[in-house]
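In what follows, a single structure is set out as structure tokens and then discussed.
Every chain is named by a letter (A, B, C and D) in the order it is written, and numbering of its residues begins at 1.
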Amino acid sequence: MTIREKIYNIIDNEKNLSTRLFDAFMTTLIILNVAAIILESHQSLATAFHQEFFAFEIFSVFIFTIELMLRIIVADIHYKSENYLNSVIRYLFSFSAIVDILAIMPFYLPMFLAVDLRFIRMLRLVRLLRVLKIGRYNKALKAVAKALGQRKEELFLTSFVGLVLLLFSGTLMYYVEHETQPDAFPNITASLWWAIATLTTVGYGDVYPVTTLGKFIAGIIAFIGVGFVALPTGILSSAFMEQINRREQEEKEKEENIDEHKEVCSCPHCGKEL
Amino acid sequence: MTIREKIYNIIDNEKNLSTRLFDAFMTTLIILNVAAIILESHQSLATAFHQEFFAFEIFSVFIFTIELMLRIIVADIHYKSENYLNSVIRYLFSFSAIVDILAIMPFYLPMFLAVDLRFIRMLRLVRLLRVLKIGRYNKALKAVAKALGQRKEELFLTSFVGLVLLLFSGTLMYYVEHETQPDAFPNITASLWWAIATLTTVGYGDVYPVTTLGKFIAGIIAFIGVGFVALPTGILSSAFMEQINRREQEEKEKEENIDEHKEVCSCPHCGKEL
Amino acid sequence: MTIREKIYNIIDNEKNLSTRLFDAFMTTLIILNVAAIILESHQSLATAFHQEFFAFEIFSVFIFTIELMLRIIVADIHYKSENYLNSVIRYLFSFSAIVDILAIMPFYLPMFLAVDLRFIRMLRLVRLLRVLKIGRYNKALKAVAKALGQRKEELFLTSFVGLVLLLFSGTLMYYVEHETQPDAFPNITASLWWAIATLTTVGYGDVYPVTTLGKFIAGIIAFIGVGFVALPTGILSSAFMEQINRREQEEKEKEENIDEHKEVCSCPHCGKEL
Amino acid sequence: MTIREKIYNIIDNEKNLSTRLFDAFMTTLIILNVAAIILESHQSLATAFHQEFFAFEIFSVFIFTIELMLRIIVADIHYKSENYLNSVIRYLFSFSAIVDILAIMPFYLPMFLAVDLRFIRMLRLVRLLRVLKIGRYNKALKAVAKALGQRKEELFLTSFVGLVLLLFSGTLMYYVEHETQPDAFPNITASLWWAIATLTTVGYGDVYPVTTLGKFIAGIIAFIGVGFVALPTGILSSAFMEQINRREQEEKEKEENIDEHKEVCSCPHCGKEL
């Protein structure tokens, strides 16, 4: 076994103990990174532990950079191709590689480019993408992505209906409430904010109708709309369940196939299985 | 192919490239119309870009009018009938034609009728119906309409139960809270507003019980009621899923029928398929 | 046909035109009664139209009393029994008769008993029971009652879990927030009010945690709790759907039975249907 | 029958009348305990009925202690083992025994240990665990625990996606709203509180975006997020329903097996049942 195969076994082989240790270490590091991003947003902590946060950031980026380099080195084992360069390119355009690169970019970019502070602050948000690196180590995002893909059309249909409903509710309420509450419903944009809060049943309570007609219409919208906006959830939920059931059934059928392999009973006339 | 058939192919044939381009153009125009309606409600924008909004409105109505006329011209291709007039009448009473006419009406009506400002403002709301013109180009609304039709009875039943629950909750809370909060619960109408906000779980927080008895009753109502009001969503959701499943199964069966057409195995005694 | 049979046909026979007219009249009267109760709660309307409301109440009670008397007269046609008195008693203890009696009671009771004003106001609430009289004319309440009955055990189980969760959430939040917000969380009873508003996702916003620990715990409670409290809805919804599916399948099977009655194919060895 | 067997019959045998009476008594006592904990949190009641609350607490702990001792005495009947000590140890580490011990611990602990007041107050919360003692007498918690166990993986997957969504929503909103509302969104921790209230649709209304960009992003988050956070509910609900259906089907199959035992019809060629 070459060193490159050994590296591959550690960073990508699911059954190995060393892989599990590597995964546990990376997951811990990622969670600590998320914690650091949250804690650093507290002004007092950011000032008091400025150096510690910076040191941890350097350490994290160092580890993530090494990981990325190792993955590039062994790219041809996972992405089989005619030549090595081809494999590396195919790897670099995979979803996980893009996440890996974006996750460390906020650290390296200011070194090469003169960027203003506003942009740097936005890059901090990109740092949060590190949490998606966990995605490689579990199948949650994959399962959800698959469920989304399966019901793509239905989700689009119901979302469209939801959007139309949102549009009509918001516009209607604007014409009804604008005169009485010019501050709460100054324009349709503001009115759409009310419609979203109502149709998703969040109901912050910062804007709500006060006229009798407005309340009457809002009541009908709430009753009808809540159902339509909840439709995508039901569809997504069912897609998710179907996926799980199918997997279970496939496993079951496999077992049954093994069990009953020798006992199939065929039709006496055509030889087809009964 | 006559010119009329060419027109029909462009505005109604789903497979044509020219139809797709026409659809894309119309959809873009409709979305821009919706955006214009929203932006025009901002007082500052309406004043600053008064001429631009008006020009865009004229352009839009011009296109929509031409579209309507073309559809009338080729009405007899889609709506086959004994004579041309009959086809046109049948088309004019179709859902999509009514939407088309209503969508441009707010522009033409003030030309022929002396209407007051209040009515014109309401007509602006009718302009939003233009978004329903997209409905022609996708099957979202149709699928939802079908799901609604299939579960008509169940939706009516649960809605009735929901309304009764709403009525009892609102009236009960009025008698409990009216004396302590005469401003928040001045009459049953106001109390029904609280009941709607609670049963749909929107919960704006503009009115809520403050007495211990009121809170106790509100708690029970919230727990019981939430379930009943959510029932229609569950029913609608299941109707939607059933429709999708049926379509998938039909497609599957078609494929299977083609595959197994020559291999059917009949019962040795009655000739029926096993 | 005797007069009594004619009366029975009008008030109870579903297929008759006269029954439908009677039903439409009664349903209209009931809806107007509900409207009257709501409108009468508006102080200004109650004062201005005092006589009209009173006249309508007398008219309604008069009609409802006659209806009740007619039903008593023909009780033996619906409730077959050895003697007439037995039938009447069986009718009087039926759900619909109790609703009918309770619905007119608030009018007659003060005539015979010296009741204080507080009690009379509560009787007004009983007047709302008139809406349940519609229950006789449609099957909504019956279907829901059946669904509730079918899932009785499961609903009880999940409600119990929901209650335990409510209790723990409320008590925990009391100990966490009481010191910081003695006004919002003065005791566990008040804290339970917060828990109900959170677990049902109503979220009025009158009470909410302000401490970091309180917010952290509330976040976890919201995430976990929301699912558990929504369980009864899911169960009720599925019971409702199952009931509908079963009915549809039964109808389908009936049709199929009629179709295939003569074409059954039995096993050549034991005579059982294949 | 020995005394120990008699005791066991009373406290653990489901079919006995004496067991039912014992269960009813214990359940009543537990409910009264919960009521006492809630009422004692009212400062006025705690002061006025200090002695009564204390007396009831002593009485309750006395009963619960006797119950625990009886269960230890008869442990070897339920937990069959080589020797008595082994059975007792196995019982003491069962879930119900741990709940029993924790439920009375807050009373005994201060006797043996010098504990500060803060700790005693926390112990009061532990007293609430007494409500879980009811868990022994019904199968609600068991059914829910089983449903949770069955869908463990799916619940974990969707919870992970929900958490990632929460993290991104909170962080994004912090960067968007922090400058305009430094008090409402001082750091990401506070922003996460907003995200939880929004994604679970609780929507207290204590924090919400005010900038147009913030409202736009919040609207999209609410629409997308609501569905994902509701996923675990759908999954849990389906697991619960599946469990119920399976149980019903098993009972049905049992009945059918009994009915058709003598009438099975086997294939004429291989002897397998048709």
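Convention: a residue touches a chain if its C-beta (ideal position, glycine included) is under 8 Å from a C-beta of that chain, and two chains touch if they have at least 3 such contacts.
Just so you know, these numbers come straight off a predicted model, no measurement behind them.
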List the interface residue numbers of chain A and of chain D, divide the shared ones by all numbers used, and answer same when the ratio is over half, different when under half.
-> different
From chain D, which chain is the farthest off, judged by mean CA positions?
-> B
Express in whole angstrom the distance between the two chain centres, defined as the mean CA positions of chain B and chain D.
-> 42
Where the CA atoms of chain B average out and where those of chain C average out, how many Å apart are those spots?
-> 30
What positions in chain C touch 2 or more of the other chains?
-> 189, 192, 197, 201-205, 230, 233-234, 238, 268, 274
Provide the residue numbers of chain A that touch chain C in the complex, in ascending order.
-> 201-205
Partner chain C, residues of chain B touching it in the complex | 154, 156-158, 160-161, 164, 167-168, 171-172, 174-175, 186-189, 191-192, 197-198, 201-205, 208, 212, 215, 218-219, 222-223, 226-228, 230-231, 234-235, 238, 267-270, 272, 274
So, in the complex, the side of chain C touching chain B is made of residues 34, 37-38, 41-43, 121-122, 124-125, 128, 131-132, 134, 138-141, 143-144, 159, 162, 189, 192-193, 196-197, 200-206, 229-230, 232-234, 236-238, 240-241, 244, 263, 265-266, 268, 274
